[in-house]
Every structure is written in C-alpha cells, then in structure tokens.
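Please read through the structure below; I'll follow up with questions.
Chain nomenclature is as follows: A, B, C, D and E, assigned in order of appearance, with residue numbering initiated at 1 for each chain independently.
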Amino acid sequence: MSEPFNPYLPEVATILETVQETHNIMTFRVRFDDEAKMAAFKFGPGQVGQLSAAGIGEATFVINSPPTRMDYLQFSVMRTGEVTAKLHNLVAGDKVGVRAPLGKPFPVEDLKGKDIVFVGGGIGMAPLRTLFLYMLDNRADFGKIRLLYGARSPLDMAFSAELPEWTSRTDIETTLTIDREADGWEHKVGLIPNVLLEMAPKAENCVAITCGPPIMIKFTLEALKKLEFPDEQILTTLEKRMKCGIGICGRCNIGSSYVCVDGPVYTYAQLKALPNEL
Amino acid sequence: MSRLEELKTRIKEALPGLECVIGWQKGYDALHNTPLFMRSAEDVDKLEWGALNVHNPAVYLPTMAGKKVGVVVKGCDSRSVVELLQENLINRDNIVIFAAGCDGVVDLTKVKAKLAAAGTGAGVVTAVSADGKTVSVTAGGKTVAMPMAEVAADKCLRCQYPNAVLADTFVGTPAPQPTPVPSANADLDALDAMSVPDRMAFWRYHMDRCIRCYACRNACPMCVCRDHCIAQSREPHWLSQDDSVTEKLMFQVVHAMHLAGRCTECGECQRACPMDIPVLALKKHLNRTIHDLFDYQAGVDAAAIPPLLQFKTEEVNIKERSW
Amino acid sequence: MRIGVFVCHCGSNIEGTVDTAAVAKATLEFPEVVYATDTMYACSEPGQDGIIQAIKEKNLTGVVVASCTPRMHEPTFRKAVERAGLNRFMFEMANIREHVSWIGKNREANTNKSLDLVRIAVEKLRRDAPLIPSKFSVNKRVMIIGGGVAGIQAALDCADGGLQVVLVERESTIGGKMAKLDKTFPTVDCSSCILGPKMVDVAQHPNITLHAYSEVDSIGGYVGNFQVKVKKKATYVDWELCTGCGACIEKCPSKKNPDAFNEKIGPCTSINIPFPQAIPKKAYIDATTCRQFVKGKCGVCAKVCPTGAIRYDMTDEIVTEDVGAIVAATGYDLFDIKKIPEYGSGTYPDVITGLQYERLLSASGPTGGHIKRPSDGKEPKNIVFIQCVGSRDKSLDRPYCSGFCCMYTAKQTILTKDHIPDSQSYVFYMDIRSPGKMYDEFTRRAMEEYGARYIRGRVAMVYPKGDKLMVRGADTLAGTQVEIEADLVVLAAGAEAAKGAPQLAEKLRISYDKYGFFMESHPKLKPVETNTAGVYLAGSCQGPKDIPQSVGQGSAAAAKVLALFSKDMLESDPQISRVDIKRCVGCGKCIMTCPFKAIKEVEFRGQKKAEVIETVCQGCGICTSTCPQGAIQLSHFTDNQILAEVNALCQS
Amino acid sequence: MPVLTGKELRIVGFLCNWCSYGGADTAGVGRFNQPTDLRIIRVPCSGRIDPLFIAKTLINGADGVLVSGCHPRDCHYAEGNFYARRRLEVLKRFLPILGIDPGRFDYTWVSASEGQRWQKVVTAFTEQIHTLGPAPRFDAVAPELLAKVAGAISQGGNRVAA
Amino acid sequence: MAAVKYISREKLPEWLKALAAERRLLVPVEEGGAVVFRAYDPAKAPVFGSDATAPPKGSVFPASKELFSYTYGKEGEDAKPTLTLDPKTTAEPTVVFGSKPCGARGFLIFDRVYMGKKFPDPYYIAAREATVFVTMACDTVENTCFCHWVGSGPADPAGSDLLLTPVAGGWLVEAVSAKGEPLLASPALTDGAAKAAEAEEVKAKTRAALGEAPDISTSKEALLARFDDMDFWRDQSDKCISCGACTYLCPTCYCFSITDEGSGMSGKRLRSWDACMHFQFTLEASGHNPRPTKAHRLKNRVGHKFSYYPTLHDGLIACCGCGRCVKSCPVSVDIREIVQNAVAKAKA
C-alpha cells in the first residue's frame, strides 16, 4: 500500500555544489536523490521550497534556478539564524531535505508579450533570477527585458559569476549599481530607486517586478508610481516566517491571505487590498 | 470617604498627566475582577478595591517603559514595583503609585473548592459580597459564606506588607498587619515533609498536565525577558518542544532560578496557571534559601542589589565542603 | 561540516591504556565526522603535517585532536589547522591523556571514556564558528614591580631594548635582598660590587622612571593598555631637593631604631638612607619613630638640611602610569624563625638568621664586617649553622625546598673561616642541594678546605649554658646524639612569598599557589608568563631562586615584553562575549557582574542595550550565565555548545 | 555506549580552565589513579557555569554533577567563582525540593597545583554517586510511587485550603 | 439511525471497561484541581459534571507529535553522508468519552483546514478517523458559556459520534454518526426510547438557560474594519499578558510550530502546539516581526476566529463558544466582549 502524500515530508536531496556569493550569502545546487521524483518535478518561476537541515529545522527560500534548467534546483541562502547558519556549514555531498514547490509562481502566461523591468536589490535578486533566466530561455515570448540589480557594494553582489554574461547580452539591458563608489567598479553608482528613475522605463505594456529589502521596495514603489506604473503592473514577492508552507500553521497570514499558498508573488494592487500587516 | 472613593478622586486629579492608570474593575462575572486601564474619568469610575483584586498590576509596567503611567497597588504589588525599580526596568520618574491599605484578596481556587463542597460551582456565580472578614458567594441559587481566613490567598495569610512599601499617594488608614496563619505555608510544608523520591513523583504528577502556555511566566512581574525567554528560543536552545514532563519541569526550574533573589512571592505564577499546578512552592523554597544564605528579601529596598548579582569574599552562611 | 578526528598514541602514554585505533574507528559513527585516524605523536612535525594533509585531502572543515590537555597543545594544533587554511577556532581537543590514560589502567573503561570525550568535542566543534581577532594598539611602556636583582635586570634589559620602563620599589632604595648580602656563591665575589653598578645604571638610564618607596594601588585595563595606580608613600623629604648628603642622619636624635636594612641587628636613625650605595640615595623619615611625628616636636632634620628638603606635611600620593605590560618581581621574604621556639630565636639573641649573619659579615653592616655576636659583641669561635629552618617541613606547612640555603650556608662557613681563622663551623643539614655550575665543588671546598663540619641530622633544641648555646641534635649518619657548644647559632631561614604577594596577585588578576608564590603559565614551558596576558614574572616571587636564576628570569621576562612590544598592534582574543542585540532587554545585569567593566550600556533605536568592549573582555563568561535570556553569549563556549556537550553525555 | 553499564555511572564535571581543569591535568601528570566515570566539560571559569546547566544535566538523566573552580580569591577572572559560589549553593539547596538528591551535585575548589586534591575529590564524589546508585528519572517514576503520591495529593487537595 | 439507548450510572463502568478493552479510552478525570482527559483507569472515577479544564484536543492533535524521525548515516570509504526520513502517520484507535459538545465541535474547525483538498494532512486524517467522540450534552450552563453565539448549543451533535444526554439515573444515548453506532452494541446499554422525551426537555431547558445570543453576524466585516484602528486594539489588549492559555485550551485553535530535536546522528521533526499570542510566533530570523505587540497578536487571534476563517470557510466561525479562553485567562480577557465591541463600533 502506498503511503498517502505527506506534505510535511521533505525529499532527501544531495548538495551538488555550493557557491559563496557574498560574505553572508551562499548558493546551494541540489538534486533529489530519487531520480524519478527529480525527473517528474515541476514548478513555476517564483515558487518557493522549504530547505531542511534535519536536526536544526527548515527555512523558506525561492527556487532561484529556472524551470527551464533542471540539472539542479538552486537556492541562495543569507545567513540570518540557526537554520541558515547550519546550511552555510554544509558542503557538497551533504544531505538536505526539500519540500517544494510551495506557493504560487509569477503569472508567466500573463507576462508573455510584455516588456519587463526587473528591479532587484541584494538577496532580493534571487526570486527575480528564476523568472529572469526563464525569460532568457524563452526570449521570444517577451518584449524588452531590462534588469536593474543593485547591492550595497560589489562584494555584496550575489550571482557575480553570471553578471558578465548578463551585462554583455545584447537582447537584454542590464544595469548594475552599488550604493557608494568602490575601486574597480565599472558600473553605476547610486541607489536603486534613483537609478530606476534615470532609466525611466515606459509603463505602457510593461510590468515591473521588484524584490529587495523593505526600505528599497518602499522607494522603488514610489519611483514606479512616478513613472506611472499602474498597481496591477507591479509585481513583488513577500517574505514571511513560514513553518508548514501549506496554509495551516497560522504564521504567514495577512488577514485571510496565506502568503505560503496565495503568495509569495503579489501585484501591488493585491497587496494594497490586503490588511496592513507586513 | 471610603478608600475606593478617595482613590478615584486622587486618580482623576492625576490622570491628565498620565498615559493611563492601571487598576481593577469588575470582570465578566461577579466572582472575577479584571485589570483596568484608566484613560478617562469614566474609566476611573469603574475602579474596584477589595478582595477580588487578585491580579498584580506591576506586571504591565516594564512593557510600558518610556510612558508616564500610574498604578494602583496592594502592599504585595508594591514590592514588585520596588523590585522593578531596583533592576532599572522601570524609571521612578515615570511611575506614579497609588495605594491603600489591603485587607487581603481571595484565592479563587479556594473559593472554587468551597463552592464545590457546597454542591455548586464557580461557573454559575451570580453575586459576591465581602466585608473584610467574610466573603459571601451566591452561585446556582445558593449563598455560601466563607470566612476570609479560609479563602484568602496564602500570601495574605502571612502578609508582612499590607500597606505599600512605596507609594506616591496612599489613601485611607493603613491596614493592620495580619497575624501569620500556620496554614499559609501548607504547600511548602507538605513538600518539606515528603521524601526526596516522593517529591520527584509529586512534580512528575503535576507537571504532566502542564500545557506550556507560559501563563506562569507572563503573569510574573519579574519575568522581564518576556518576548525573549530562553524557553522558546533556539539560540540558546534550552528546551525542546517535546511534550515531556522533563521539559516542562525544566522550564519551572528556569523560571525559579531566574527568580532566585528577585521573587517577591506575589503568587501570580500559580494563580495564573490554568491547570492549577502548584508552581509557587518552588519559588517559596528558593526564597527561603535566599533568606537563609543572604538574609535578603526581595522587593523592599529599591537600592539593594539582588544577592545573586553580587558576592562577598567571605560568605558567612556558605560552608566549604571538606573533601 | 566535515570533521576529522585524530587520536594520538602519545607514544605509549595514551596507547598504553587506550585503544586509540578503536576510538578513531568508533568516532566515524559521530555526526559529520568523515575522517578519523590514530597517530603516533599528533604534536610532532609529522603528526601536524598529517593533520594538515588530511584537512586538504579530505576537505575537512573542522578538526578534533584527542591527545593531551588543551592547556598544553591547543595553541600548537590551532596553528596547525590555521596553516591548512582553517580558522583556528574550528578545532577542539579531547584530553585523553591527563584525564584518561594517565589516571587509570582499565583499557576498556579508558577506551570507552576517550570515545565519550571525543563525542563531546565533536558536538562542541559542530557548533563552533570561525572567530577573527580584531587589532588594537599597544602602549610600549612596561612596569616592573620590585627592584631586586630580578627586577633590576628586567628593567635594564627592557630599557636597553628601547622601552620606557617604570620601576616600582616598595623600599626607599632598590637592591632587594642581594644588596644585603656580603659575598655571593660560588665565586665569593662581593655582592654590592656586582649589584652596585647595575643599580647605578638604573638610576642613570634615560628610559627608566623609578618610583621608590611606592606600592601598586590598583590595576585596570588589559594587555597593551594597563592603567596602574601607584601609591608613592610619604617620605617627608622632598627628593627633588635631597642630595643624600647625610647631614640629617648625623644630627637625628632618634638613633636607636632597629635597622630594617640590617635585619634589625643594628640601630638606625628615624631619618635614614639605608646604605651608602642606595639608589636613589635619598633620605626618608620613618614616621613611626620620628620624634616630630611621635612627640610632635623636634624638627632637627629640617633645621640642618642644607637644601630645606624636609616636608613633615607630606602625604601619600597616587600617580597613574599607563603601561602595556607588567613584570612582577616582588621577591621573597624569610620564614619567621620564631615559629620554631625550640631553636630559641627571640629568646636568645645569639640565634640569628642567615641574612642577619650576612649583615655581620658585611663591611657596610652594623659591625663593620667584624663578626660580633649580638648578645655581647664577642667574636664567636664555634658557630652552628642549622639548615632547612622553615623549608622541607610539612609540619610547618612549608614542604618545599628554598633552594639556595645550602649554598649560602656553605659560603658563610667559608667566610667565617676567612674572618676568624681559629673558628669552627658546624652545619646540621638534611641533604645538601647543590645542583648548579660549580656549586657542589663549592660545598666540598667548605668541608674539605675550610673544615666546616657537616652533620646530617636535625636539631632537636638549642638551650643556653652560661654564655654559650648548647645545640642538641642527631647525627643520623653516625646514629648518635650530638651536642655542640656554640657561640652563635645561624638559622638558614627558608624563603616564603613576599608579604602582600596574594593581594598584589589579585590586583594583577594572576593566580598564586597556597604559599603565595605566583603561578606561572606553565611550569616548564612558560616559566615567566602568567595566565593574564601582558603580565610576566621574574625572580623569587614565583618560587625561591638564587641570584643567577633570578637574573636569568629578569632577562627572560624582558625578552617576553620586548617580543610582545615588537608589534605595533596587538590582536585581541576573539573568544569574547557577544550581544544578540535583538534579544537583549537592556536590564544591565551583565554590566553589574562583569569583573572587567567590559560591557557598557548603549542606546539602539531608542532602547537600552548592552555592548561588549572587545579589547577589555577577557572571555570569562560570567555575563553569559547572568543574562536570563541568554542574549549575551561567550563565543566558543556558548550555551548551545555546553548544552550540546551535556546532551551528548546524557543520551543513553 | 556513553558509560560502561553496570560499572560506571554517568557523572558530568564542569571545570574551570585555569584552576580545576589544570588540577585534573596535574593529577594526570602525577599518575594519580581515579575512577573512570567522570566526563569533564571544560569551561573558562566557574562563573560561566549557569546553575541551569547542572539542573538540565541532572533532569536529563545524569547520575551526578561535579563542579570545580579556582579557590575563592584565586579566580583567573578575579570574581567568577564568587558569583559561582552563591549560585551553586542556591542550586544545591534547591535540588531536593525538585526530588533530586542533593548528594548528586557538589561543587568544590581545586587549584592547578592540587593534583592530589583533585584525585581525592573525584574519588570521593564518584563513591558518593555509586552509593546513591543510578538516578531515578522524572520521566520514569515508578507507577506505584506515582499512584501513592497522586493518591495523597487528591486526598489532601492540590493546594491546602484552610 | 439506530434506536436510542439508555445507560444507567451503575452500568456506566461496565460500558467504559468494554470500550477500554478494545482501544484507548480517554475520559475526563480530576488531576490536582484541573480536569483533564486521561486514559481510563477503573480505579479513578471520571468527572462528568463540569466541563474539563482542557478540552480533548490532544486526542487527535497532540501537543507534540513526531512528523518523522531522521537518521544520518555514512556510506563507503569516504563516509558519504546519507539521510533517511521515517514518517509515522498511523494513529491509535481511540474513544473520547465525556467531552461536552463544544469540545467535540472544535474538530469541525480543524477538519476544514486539515482535510482540505490541496494538502490533506495524513497525520490529522489518520487520528481523526481513528477517534470516536462520545459526547455529553450539557445540563447546566456557566457564566462563560457562549456556544449559542457561534451556531452551536448545549446539545450540539456536530463533531460527535454519540451524544449522551443526562436524564434521571443515567444518560440517553443517541448515535450521531455511523462511526458511533457500533459502540452501542454493549449489553450495558438498554433501550432508551422511554427517556427520549425527558432528554429533549433537558436539552431545551439548558438551551433556554443560555438566553438569547447577541447578533454578531457582521463580525467578519466589523473586525476587518478595525484592522488599522490600533487604539481599539490597544484598549482590547491592554490587560492581556500575551500567554498561551487561551490558545492551548481552545478546542478550535489549530496553529502549530515545527521544530527539529535531535542529538548525534538522529532525531525527529516535531509538530507542536503554538500560540499566536507569543511574540516568537511570527518573529522572523532578521528580527522583524509583523505582529510585534500583543495588540497586533490579539487582533490576529480574534480576527482569525471571527473574520478570516469565516471568510475562507463559508462563514463558519472558528470558535465553539466553550468559554475556556475567558475562564482560564489569568486576567479574564473576554473574547465575547471584544467581538461585540468591534461589531458595535462598526454599527456606530
């Protein structure tokens, strides 16, 4: 008799590779040990997973590799607490548990044919990366794609290995920025919202997708409003403390919306309709 | 003017300069009073004074740090205020203390037992009257008269400070200090009389029904860690979430040890416990130890240093063991 | 995490009673241990290379070595893992030698216990985090406490090395015990002839500031930045003006005071310069005997002083010296011979200590170098020396050997013969301890060339007979009782810790043994270091020493200070407490209990929080056990680490 | 297997690094034979030892806990053992009310030079624990004992009303 | 429906013994002044008079439950790590005997969440299916009772499998679900038809004693309307001490925490009761807390029960009106008052 599906039971996965992105961000590339399950695994860009270090606990991270590249699932983990500290101690070959996919993905179908502006700050680039790469892998389906990615300093910039490719591609427009001047930095210097205003993307047929620290989001939203982006054309992802990931345990709800099942992707219009408890 | 009326008058006078004044009002039924946060004159009119004011309002003070608040206190409550002052957890300039002589408060568990013995229950109480000596409770149509000495909280039966040890406004005549009643320490005496293995069984029996709600902790005015209690942290990770008697007891040990030399025996931990677990006995025992070792009582001197936060190079009452 | 476990045989020291291979194999069952091996000598070069190689080959991220005590080789192995690229705190030790193999012979129990100790080391290591030291500047001044020969040597070596030196001396002159000696063994050269020039060097050295007649009042700060408050005791003489001419001493009417410098066998004046070669050569008034102070009138010295230097209203003064290191060289004091009444000290004036005898021998002593016994000034002919008075005697709680008495007694018998050719010396001894270069030859000369009669045995009692003293003892070699008629009895009083040594140790935050001698960091490998960074030891304050040993230690301590100061910046030990600002409720209990004032209150977003001052924190962890919410955690000994060790031991 | 069943009991030691751990080292260097039950956890200072560690260790099933630090006045950190002395004494007196035999915990002072004293302490404490035998556990109180105590409680009432 | 039965007080132990022989039988017993559900012990008389201090929530949703155990291992020469997870979803057959209707009704609230379509919870489902509720209708009402406010009542059979109604000399026994029926087979039970009328009378009398319920049908909107009115929530929460008594004693509170506990190579992942009134509940690793004060947390607690849950679940209020949160609250916070205040404020 086969066991009923157990939403609490992680898939055992092996770390194939780790990348120290910044002093406190580490990227993990993992594959399920059960190859059949790996082959059958489906998810949409923006969906999250619970990464377990059994014995310590679980934490939620977006799957930041795109569904178009299934050699591994990639998670980028900023060290903030007990679970993330343990994850940072792991090395290739170590075992983790993965419960995924959870939550809802970006509304990819609705984005087709649109111009896209990604605005990512710091670790907030992770949720954007999955959709960004998905779009690159399906380049023809989308209009003009622009990426604005900022971090405090060059050393705080995750995914640095990929940046040369992103900046050199001609079918997209990538802008990198840091908060303050730094030696050897060849890109922009300035706060993300200001650089965004300089870029001045046209709102027409364009969707802005943003993720980053709260303060950056606040001013980016203001900038987008200045640029006359309607609320429905702004997408962001929310971060909340989650335990179950399946809409039960009662932590991540904002009123009656459970971020773990209804989110983490929301339009600004949806967010405004929710009670104010971020 | 009664103590209550004078208190109301004085609070109304002071209220304009205060964020609020904390006291008591009638609760959901005649047997239950409940804490009252007075912000307007109408609120002040709800104030109650008497045997049903079982709660210790000092518990709210540390969370209101930075605001100027008033608090109405019984003698025992005032000791918690003193202890909080001593530990710099509240600022004397921000606290206005209103007090009156206290004739003791009831222990609702004892009242419940009396009602049960009379064939009725605390859930159906319709009226309560008290005259200082007797509490009359009407429940399920029966009126049960209970001598105060039989239903007063243990702390009242051995009360040393019926009048606040510290007050800005003390109204009415001071209450006389009651003669200690032997049964006031019955819980600790009973434990003392047990063998050590029996005590282990005692705690195993009682802690088993603990639901880990931490009411004991949150009702404790000296549990100042509150949101950051090590009972619920992973770093440090003192307790697991296992539903086991060892984890539950370990929390009581944490609570008691953290209170050693700071506990004023207000009894809120035990009163708050929805499962009626006699956790106060642990603190009583520690207080006795602290008194024996350091001749110290918490909550009477705002300038004192808690005994476990200081030392003497020669400890008079600690004998070195010979090996 | 990838942990490697290395179980050391320590030759047969561990392997003899612990199955190290079995321990290594079993540790592979522990979490995150990916490699385990036994090794012959983990601390040896090949042993360390093996660890480094394994770290590199097996990609280890943490290492446990099960071997000897971490108090011995933790630094060694930390350096080794650091050489392999790991942070040095990603390392733990299990002490399976001192705590296992050496204390029991049951191989099964030892093997099992060793495994348990590795288990807790692994659990602790799994919760270790890399710690990175921060740097702070060093005040390159050094304070030497004590101006005896050890302190003088340390001061001169430091000063010659270019350091600013503050030398603090309790007496009014430096020189210490050596200044009181007549001659020194085994060369029999004049003590003041070899010490005097060094004392002058101290006085003249531009890098040395001397605070004589001063004591350390309190010590704050930490290595690199100590603040020492020095109490300059009132001398009642303005030393800026005093020329040391001695006019006041000549005229002082209070002349019959016991002279401390002469070990109280001669008199001195109330205003005094202890001896002609004193450094500084300045007069001071002993207020306990001075008539001006005792009777309220006199003022003779003030009248005669040609420079007007007398200041009866002088008071003690506190000066603060900022220094980066401290050398304690406070020397020793003598065992109080009155504690052995059988020897008659205190009752019979002709029972004296060896050091008093030195003063009788010394040309600058009270008798001008003529041996005259205290009672009647007669020249003694028969002199009995008694060894081990207050040494090697459990009944007196002085079980240790004072080390130098055998040698100075031999020297004194030689000098006696030189002074009084027709004299006869007798020496009662337990064993002759003369393990130094030319030492044993020297004692033999005393017996063979100078005819001292050595009697192996203890003296039972000394009693008077006429103007003589009868010394009754045993000759254990002959197996007979002996009784010797003596004109003078000289007791080789043992050395004990200087008065006030424990109090000073507490100020220095260093340990001392039950006799008051300061504890060195390691009895063999760190003889002049202490467990408090920046505090060093020289000379007899650490235990009885003769002159060459003291001088050697003075130089050694100086070398340590020079090495410490060779860097402009010191690294602070990162093993300190850290505050989780999110969890701190600002109650200040940690601030109250920190012995080092290393925690301060700060304001963070309008809330009170605790903050650790990195360079001041010493890593004791009192704050961690005080903080009820565990918001301040001592790195490397966090609650979770200790709890993990506890849990590992409690699991069934 | 953490302890040798039937031969050893579970004894946990908390020793300060500077004095007592060194004293235990000295005992080792002197080859002073000791029972093998004790497992030593090294801490920097006896002041680092939160009494709760000891309570936790005992409640979680250790048969004995021994704490040792520098002699009073001789703390490497000047004051740690003074605080420890107060806290440990309070704990020691607290244990019996919980139902833990106070003989299962002791604290003492042993300096780095006192190897022989350490041997004596370990031997005496280990003997003491063996005399007490394996510690009863809260989560395994014998049903008969539990029934007896429960019976007494339900008769006398949970809290004694006057 | 099977015929109604009757069980006399005298025969009750016989029935209980029979039930206990086949499965875990939980009954309310007094323990140190509190009444809690414990495995039946013939030597200890169950307490059926007043409602238990703690509801039988733990029978299906234990305070702490192992979701799975984990074991790390190593493989081969180079000690490659392995990880094995072993879940235990099975549940022990159980009868909960003697709960009041509100205690059993609580699981209706659970069912909607734990037996949803998207992520049915195998642990809950197994336990729920293995548990039979033999409920006792109330014959007295307490000051804290308000089951009639939330669509329930003193003889509400919802969530129960058998319903016992006190009548003279014993109880009328009615099967409410097919799951309950087999339990009626015991010879201790006799035909109860004759007692049915008396039972109806008891039910009606008890219901009448509760009086009229106020109209809180607008609570959904009324509470949402107060969402940003933090002064309102400050006033409601002032005296709350932010403990978990209300939550843990609530038959409908179903939130939980997941934590790992382990030592060495193995351990377990636990699901344990958690309380939304605790600061830690929503505390994020960064230190940010979306519900930083007790006012925020009480708002969520009341809002969840009387607004958010009904919004998601066809208007069903996530409260069974048992009144434990009021009765057991150390400071007598009264959820009835809060809901009414919000409703009144919305009307005004």
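What we mean here is this: contacts are C-beta pairs under 8 Å (C-beta built on N, C-alpha and C of every residue); 3 or more make two chains touch, one makes a residue touch a chain.
The chain list, named the UniProt way, goes like this: A, E = Hydrogenase; B = 4Fe-4S dicluster domain-containing protein; C = FAD-dependent oxidoreductase; D = Hydrogenase iron-sulfur subunit.
Nothing here was measured: the structure is a model prediction, and the numbers come from that model.
A.B. asks: Report the connected components of the chain contact network with chain D omitted.
C.D. replies: Without chain D, the chains stay as one piece.
A.B. asks: Mind listing the chains that sit against chain B and also against chain C (FAD-dependent oxidoreductase)?
C.D. replies: Chains touching both chain B and chain C (FAD-dependent oxidoreductase): A, D, E.
A.B. asks: As a test of understanding: of all chains, whose mean C-alpha position lies farthest from that of chain B?
C.D. replies: C
A.B. asks: Of the other chains, whose C-alpha centre is the longest way from the centre of chain E (Hydrogenase)?
C.D. replies: C
A.B. asks: Determine which of the two chain pairs, C-D or C-E, is joined by the larger number of C-beta pairs in contact.
C.D. replies: Contact tally favours C-D.
A.B. asks: Pick the chain whose C-alpha centre of mass, unweighted, sits closest to the average of all protein C-alpha coordinates shown.
C.D. replies: Central chain: D.
A.B. asks: Between chain A (Hydrogenase) and chain E (Hydrogenase), what's the gap in Å when you average each chain's C-alpha atoms?
C.D. replies: Between these chains, centre-to-centre, one finds 39 Å.
A.B. asks: Averaging over Cα atoms per chain, report the distance between chain A (Hydrogenase) and chain D in Å.
C.D. replies: Centre-to-centre distance between chain A (Hydrogenase) and chain D: 51 Å.
A.B. asks: Measuring centre to centre with CA averages, how many angstrom lie between chain D and chain E (Hydrogenase)?
C.D. replies: Here chain D and chain E (Hydrogenase) have centroids separated by 43 Å.
A.B. asks: Where does chain D touch two or more other chains at once, residue-wise?
C.D. replies: In chain D, residues 51, 56, 60, 73, 79, 83, 87, 150, 153, 157-159 touch at least two other chains, as defined above.
A.B. asks: Which positions in chain B are in touch with at least two other chains?
C.D. replies: 109, 205-206, 226, 228, 233-235, 237-238, 276, 278
A.B. asks: Can you list every residue of chain C (FAD-dependent oxidoreductase) that touches 2 or more other chains, as numbers and ranges?
C.D. replies: Residues 582, 593, 626, 639, 643, 647-648, 651 of chain C (FAD-dependent oxidoreductase) each touch two or more of the other chains.
A.B. asks: Spell out the residues on chain C (FAD-dependent oxidoreductase) that touch chain D in their complex, using ranges where they run on.
C.D. replies: 69-72, 95, 97-100, 102-106, 108-110, 112-113, 116-117, 119-120, 502, 506, 509, 511-514, 519, 531-532, 593, 595-596, 618-622, 624-626, 634, 637, 639, 642-643, 645-652
A.B. asks: If you look only at chain A (Hydrogenase), which of its residues touch chain E (Hydrogenase) in the complex?
C.D. replies: 3-10, 12, 52, 54-59, 80-81, 83-84, 93-97, 214, 239-241, 243-244, 246-256, 261, 275-278
A.B. asks: Report the residues of chain E (Hydrogenase) in contact with chain C (FAD-dependent oxidoreductase) in the complex, numbered from low to high.
C.D. replies: Per the touch definition, chain E (Hydrogenase) meets chain C (FAD-dependent oxidoreductase) at residues 72, 74, 78-79, 263-265, 287.
A.B. asks: Which of the residues in chain B come into contact with chain D in the complex?
C.D. replies: 107, 109-110, 113-114, 149-151, 154, 157, 181, 183, 186-187, 190-191, 194, 196-207, 238, 244-246, 249-250, 253-254, 256-257, 260-261, 270, 276, 278, 281-282, 285-286, 289-290, 292-294, 307-308, 311-313, 315, 318, 320-321, 323
A.B. asks: Can you name the residues of chain D that touch chain B in the complex?
C.D. replies: Where chain D meets chain B, its residues are 51-52, 55-56, 59-60, 72-73, 79, 82-83, 85-87, 89-91, 93-94, 96-101, 106, 108-109, 117, 120-121, 124, 136-139, 141, 145-146, 148-150, 153, 156-162.
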